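The block underneath contains the structure these notes are about, expressed in structure tokens.
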Amino acid sequence: MPEQTTNDTPVLTLAGARKSFGAVHALLDGRLELRAGEVHGLVGENGAGKSTLVKVLAGVHAPDEGVLALGGQPTVLGGPAGARAAGIAVIYQEPTLFPDLSVTENIFMGRQPLRGLRRIDTAAMRRRTRELFAQLGVQIDPDRPARGLSIADQQLVEIAKALSFDARVLVMDEPTAALSGVEVERLFAVVRSLRESGAAILFISHRFDEVFALCDRVTVMRDGRWVSTDPVAELTVGQVVRRMVGREVSQLYPRQDTQVGDAVLRVRGLTRAGVFDAVSFEVRAGEIVALAGLVGAGRSEVVRAVFGVDRYDSGEVLVDGQRLPRGRLAAAMAAGVALVPEDRRQQGLVMELPIERNVTLTRRWSLSRLGLLGPRVEREDAHRWTRLLQVKVGHLSDPVSTLSGGNQQKVVLAKWLSTNPKVLIVDEPTRGIDVGTKAEVHRLMSQLAGEGVAVLMVSSELPEVLGMADRVLVMHEGRLVEEIARDAADEESVMLAATGQAGRS
Amino acid sequence: MVRKRLGTWDVLVVAVLALVVVASSVLVDGFATSRFWGFLLLDVIPIALIALPMTLVIITGEIDLSVASVLGLSSAVMGQLWLSGTPLPLILPLVVLLGVACGAVNGLFVTGFGLPSLAVTIGTLALYRGLSYVVLGDRAVADFPFSWTGTFIEPLPGTTVPWVALVVLGLAVVFGVVLHATPIGRALFAMGNNDQAATFSGISVAKTKFWLFVVTGAVASLAGFFWTMRYASARADNGAGLELAVVAAVLLGGVSIFGGRGTLGGVLAGVLLLITLRNALQLADVPADTLTVVTGTLLIISVVGPNAASMLRDRLRRRRPA
Amino acid sequence: MTTATKPAQGASPPRARGDVRGARRLFVIRELGIALALVLLVAVTTISNSRFLSAQSRKDLMLGATILVVLAVGQTIVVITRNVDLSVGSVLGLSAFATGKLFLAMPDAPIVLAILAGVGLGVLCGAVNGALIAIARVPALVVTLGTLYVFRGLDYSWAAGQQINAADMPSGFKRMGTAVVLGVPVLALFAVAVLLIAGFYLRSYRSGREMYAIGSDPDAARLSGIPVGWRVFTAMTVSGALAGLAGVLYAARFGTLDAAAGTSIELNVVAAVVVGGVAIFGGSGSVYGAALGAVLLSTMGAALPVLRIDPFWQQAVVGSLILAAIGLDRALTARIARRLRGRRARGA
Amino acid sequence: MRAIRNGVSLLTLSALLLTAAACASDDGGDTPAAGGDASAGASGEIKEGLSVAFLPKQVNNPYFTVSDNGGKAAVEEFKGEYKEVGPSEASASSQVSYLNTLTQQGSDVIAVSANDPNAICGAVKQARQGGAKVVTFDSDTNKDCRDLFVNQVTAQGIAENQVKLISDQIGGAGKIAILSATANATNQNAWIELMKTELKKSEYSKIELVTVAYGNDDDQKSFQETQGLLSSYPDLKGIISPTTVGVAAAARYLSGSQYKGKVVLTGLGTPNQMREFVKDGTVKNFALWNPADLGYLAAYAGAALASGIITGKEGEKFTAGKLGEYTIGPDSVVVLGPPTVFDASNIDQFDF
């Protein structure tokens, strides 16, 4: 236990942190000051550098420049083990547990209590796990494998891990993203009691209500740089949003009015056991429909099923009145459906392949002549589309991984827009890209809708949902619970529906 | 740009091959003769043949270790069919069908049940070799007519180049075109780098991989037919251990064991390098033990080399101010 | 943070512990399954020929399994870390021949020295593998495929056609190959000791548990500060050491040595490990399962001639066993995952 | 870029292949066999400087190491150049590769022990076309491929010898088994067939051959097969193992088991491998030709062919150094002589 710190002695400070990956500058000026007994909020748009900053604190990345000080002493962590030894615990967005090992082992990996002959004291380990879980007020069997735990339970295991080595600093990277209301409350109770015991907690979240409810101070980041740090009492949501975005929100969502045509995409009673249940909706030509809800509500799963990536148990998907065969992606593509997936790096692009190959990957057959596909055809086609979407590229033969996040997303869009789709499904279209590109992507979507394309957009960013959509469909725990027209949609109505409280208030 | 090209592994392999050829011509007696190359090409044929589909399989991030066992099983079944009086023109399609079946079993286990191809094909490596012993036991069937067996080692008129080598070269061109200049090839590279992204781009990953295993099985059985004809002897142990040579040659040719990277030209150069070096050393009376060590070392270099090269390149790039 | 944290409100609903137990039981069933298959095999063979379980034959069965068990234990440690060691057969050959050479040079050398020399040679070979994998970041499959050639080639050129005969070995050493303590051959005791030590280590030591963690999720292992490279290096070295030990045991058992000892035994070793329920992509499985797999395979090898089944079937059966084992593991994992997940959709 | 690179690779390859094809006309390095055209039948001297290559089934096999060394001794006597090459695994395909190499090197004499009677035939013929004289030893190819076969012993001689040895020890009655090498080993099968014929004779009528097991000339496999034989046939009286690997493995198994001294073992083995078991009473006697003499004779036979002293016809005679004069039998076969029987009384006189 460190000496009873006053609120003026920072437990951890980071100044002038800088980190680049090749041409990508993930962090240009990271600053942070954490005090004992405070919950410190960190907000910023995706791509603002929060995750990189977290990894610097976790010892995963060594900063190219900048100083990290613990209790006033400049420190070099030298790896994850060093960070842990320094009393820093990190809970990632996606918890990093070992699926094959028991919960107890996950908590104590590398630090198991020992008995004679340096043996692991299994009984003590299990006892301590029970104590930790009791402290946290959760009931998880210490002997069960981590495989199959819900995200919420995995996070609790991670917190138990942090407790087990008396962490002075606890970093939580979007811990509530996938939690239900009850789970969020439970987590907050745990966080507050940790604060009372003198820990410094860095809390990263996209939900302003949570940040304002829980945090003592808030740091805002934008484009890899520190913007401000203020006590929460002196801030309003509007101020924070403006600092994050760096400009007025309305500019970001250039929505033009369009002629809405007939329903192009119809989804009826789509069900997949345990994932989503009886989802029905339609999207008309020239319309942008947003699919909102919390992470884990089943939105991405629904659009993946519509596109034919995943199978579904019952229900049907119709495009222009024609029923799509279940789980046949090629048929969906042939019918004019396109999906810009959620995870750009894993699903949207083949990172190691050249830009030109990525752009033309969806049309390799239509571009081929007599079954042959020459590099010149690809190059010319890729050139046309990257210019059309204003992708900033050096050489088209460079791997797509050399591009910045925003330009990568444009390549994904090019890849799918080039198929000339009737139905464009975009899943988190602006996640992790810079503000300028974000506006471009939005303009592009508006333009497409204007040309009569039916656009279905999955988004977790409320301003984006409210700014872009003609209609908002809200999902909660696998069900479509609410459809809100543009005029009636505001933050409150969407959030209430998304947290399953629509109709109750 | 130029440096980038020179730094590529497959170009390097071609260069090393050229170096070996030149050096051996000067240093090794009997190397620069047409007869040496005739013999060499006969040795190259089965390995090159199997290496063609193997390249595609490894590029998609899978592996097929059962190829040599399929070769052996094909040979054993040929022998049994011949004993039972089946004419050779009928045996050939039957044997290819057998290879298709073997490949389909591999493909089914890998794509249908989602099992790792390494484990599956280690299993079928034992299974197919075991079955070939069950079929033919320890016997050898050797009374194939000379009109057939002689034909398969026949050189092109006026040369010592066996005509079968030209067939293999033709097949290599076909495989090379498929891999590097068709939509299918694009799909193979995409799924080898990231099969999820490939799926999201409308590529049927499982189906493609299944058929790739089938093709590999069929080609391995063709190699089995050639092997049996060349040595005029159908035996259950034919080609035992050949899978190691094929994998070694493919990796030596610059194909990444993790998938997604490689060229067919590089692989052909890898096969030629491996066999040329082996035969040249043999001609120079280097003992078999040393040849074994050389093969193993080449294999290790073929994976350590590109890795070290890329590490070095990364370091250089980092040192240069961005 | 030593102060007690207050219990938070909103406790999660009570868990159905039965499900978890069931999941664990399925894994135990996996090892029991092999044991059952083994019992069945022995029973059928004994019914067909009662001498299969005579004292002599029991001894032979144990001796027959010894070397495979030792190698399978080493291989298990490697496979658990999501790697593989295909060079074990060559290391065994090298070490067996070295043992013979040692006794030729020093007929009075104590047995302990021979064992140390064999293990030391194995450690050296394993360290070469480990260094290439951990430092050069090259896949174990390819590296050990390469060293399979290299070590065997070195063995051949060292032996140069020489054969070491039983007559050249000191009688004390040969006695170790046939001696029996309480009905159990001394060599088999080595295997049992290796098995128990490895099982104990993997279960009760931090570094042992970290091997599982590495195989379960290498990236997560790195994030949680486990020295992944060092552990993998250690695993490869241990596998090499055990292959070296197996070489010495081989020399003691067979007496006649040439450079070809242990050729292509690696296939049987990998088969034993996979049949024994060790996941080929790491993270789960136990040395006990792998040892059972090894005993099953070697007993089958001995039973087939007794059952007068054409020995040509043996390899085909091994292949089918591998396929059946990985298929079964897949089905079991899927079933457990369904069980554990089943609750989440309903609850929470 | 990639396309260009592929183009470069393919071009280079094509160039290499073309080089190979173009070389067709200038067949350099193809030295005519010294004395290959010498008139046949002349009972002259063996030429000096003949290049003699031994190609065993497998290098690193102790048996072949001994016989090849016998060949080496002979080659040194007639002042030729000796070399031994061969694969480290006993496969026909690698032997073909080595035969090809020897053909290119212009060897005068190739002494080969065939892994497969047919598979290497083509390569042997090519070697002969290239001017080499090819002598097979230990294991023959088809008789129309090679010039001469140096047989260690007649199959009949082996069969009679082995059956007699076992019969004497088991008292002429009881069950016996054979532990052979591989089932397609030509010589093994010939001997086993003749042993079966021999056993039909009236004096052996009480002996029953129950089975033939195959140890694949692999020590461990032979060991296990012996174990299997004794478990399967509780009343087995004796085992014949006409292969050096098999008999040593079987002896080692017996010496460490309860069957020692109860089950009789004989076969073909080398004195060095069997010495221990003869001395501890596991084995009373066994037989073998002298492998060194076999290599020695093969070398002389090859040299005689290359020097034009013989052509391989039945009835021709030649002198093989210290072994004396040999006459070629039917099918161009030369027989080394009757096998030697080793027992406790004479075993220490031999070292191989």
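Letters A, B, C and D mark the chains as written, and numbering starts fresh at 1 in each.
The definition used in the following text is that a residue touches a chain if its C-beta (ideal position, glycine included) is under 8 Å from a C-beta of that chain, and two chains touch if they have at least 3 such contacts.
All figures in this text were calculated on a predicted structure; none of them were measured in a lab.
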| item | value |
| --- | --- |
| Given chain A and chain D, the chains that contact each of them | B, C |
| B-C against C-D, pair bridged by the larger set of C-beta contacts | B-C |
| Averaged-CA centre spacing for the pair chain C and chain B, given as whole angstrom | 31 |
| CA centroid of chain C to CA centroid of chain D, Å | 38 |
| Rounded Å distance, chain A centre to chain C centre (Cα mean) | 43 |
| Residues of chain A whose C-beta touches two or more other chains | 374 |
| Residue numbers of chain C (touch at least two other chains) | 152-153, 156, 160 |
| Per-residue multi-chain contacts in chain D, two or more chains | 1-3, 59-60, 88-89, 214 |
| Chain B-touching residues of chain C, taken from the complex the two chains share | 132, 136-139, 141-143, 145-157, 160, 264, 267, 270-271, 274, 280-281, 310, 312-320, 322-323, 326-327, 330 |
| In the complex with chain D, residue positions of chain B that touch it | 1, 4-5, 8, 10-11, 14, 17-18, 21, 29-30, 32-41, 43, 137-140, 142, 149-150, 153, 156, 158-161, 165, 169, 173, 176, 180-181, 227, 230-233, 235, 237-241, 263-266, 268-269, 272, 279, 282-283, 285, 287-289, 292 |
| Complex contact set, residues of chain C against chain A | 1-12, 14-15, 17, 20, 23-24, 203-206, 209-210, 212-213, 215-217, 219-227, 279, 283-284, 336-337, 339-342, 344-345, 348 |
| Parts of chain C lying in touch with chain D, wherever the complex brings them together | 49, 51-52, 54-57, 60, 64, 152-153, 156, 159-163, 165-167, 177-178, 254-256, 258-261, 263, 301-302, 304-306, 308, 311 |
| Interface residues, chain B side, partner chain A - complex | 177, 181-183, 185-187, 189-190, 193-194, 196-204, 260-261, 317, 322 |
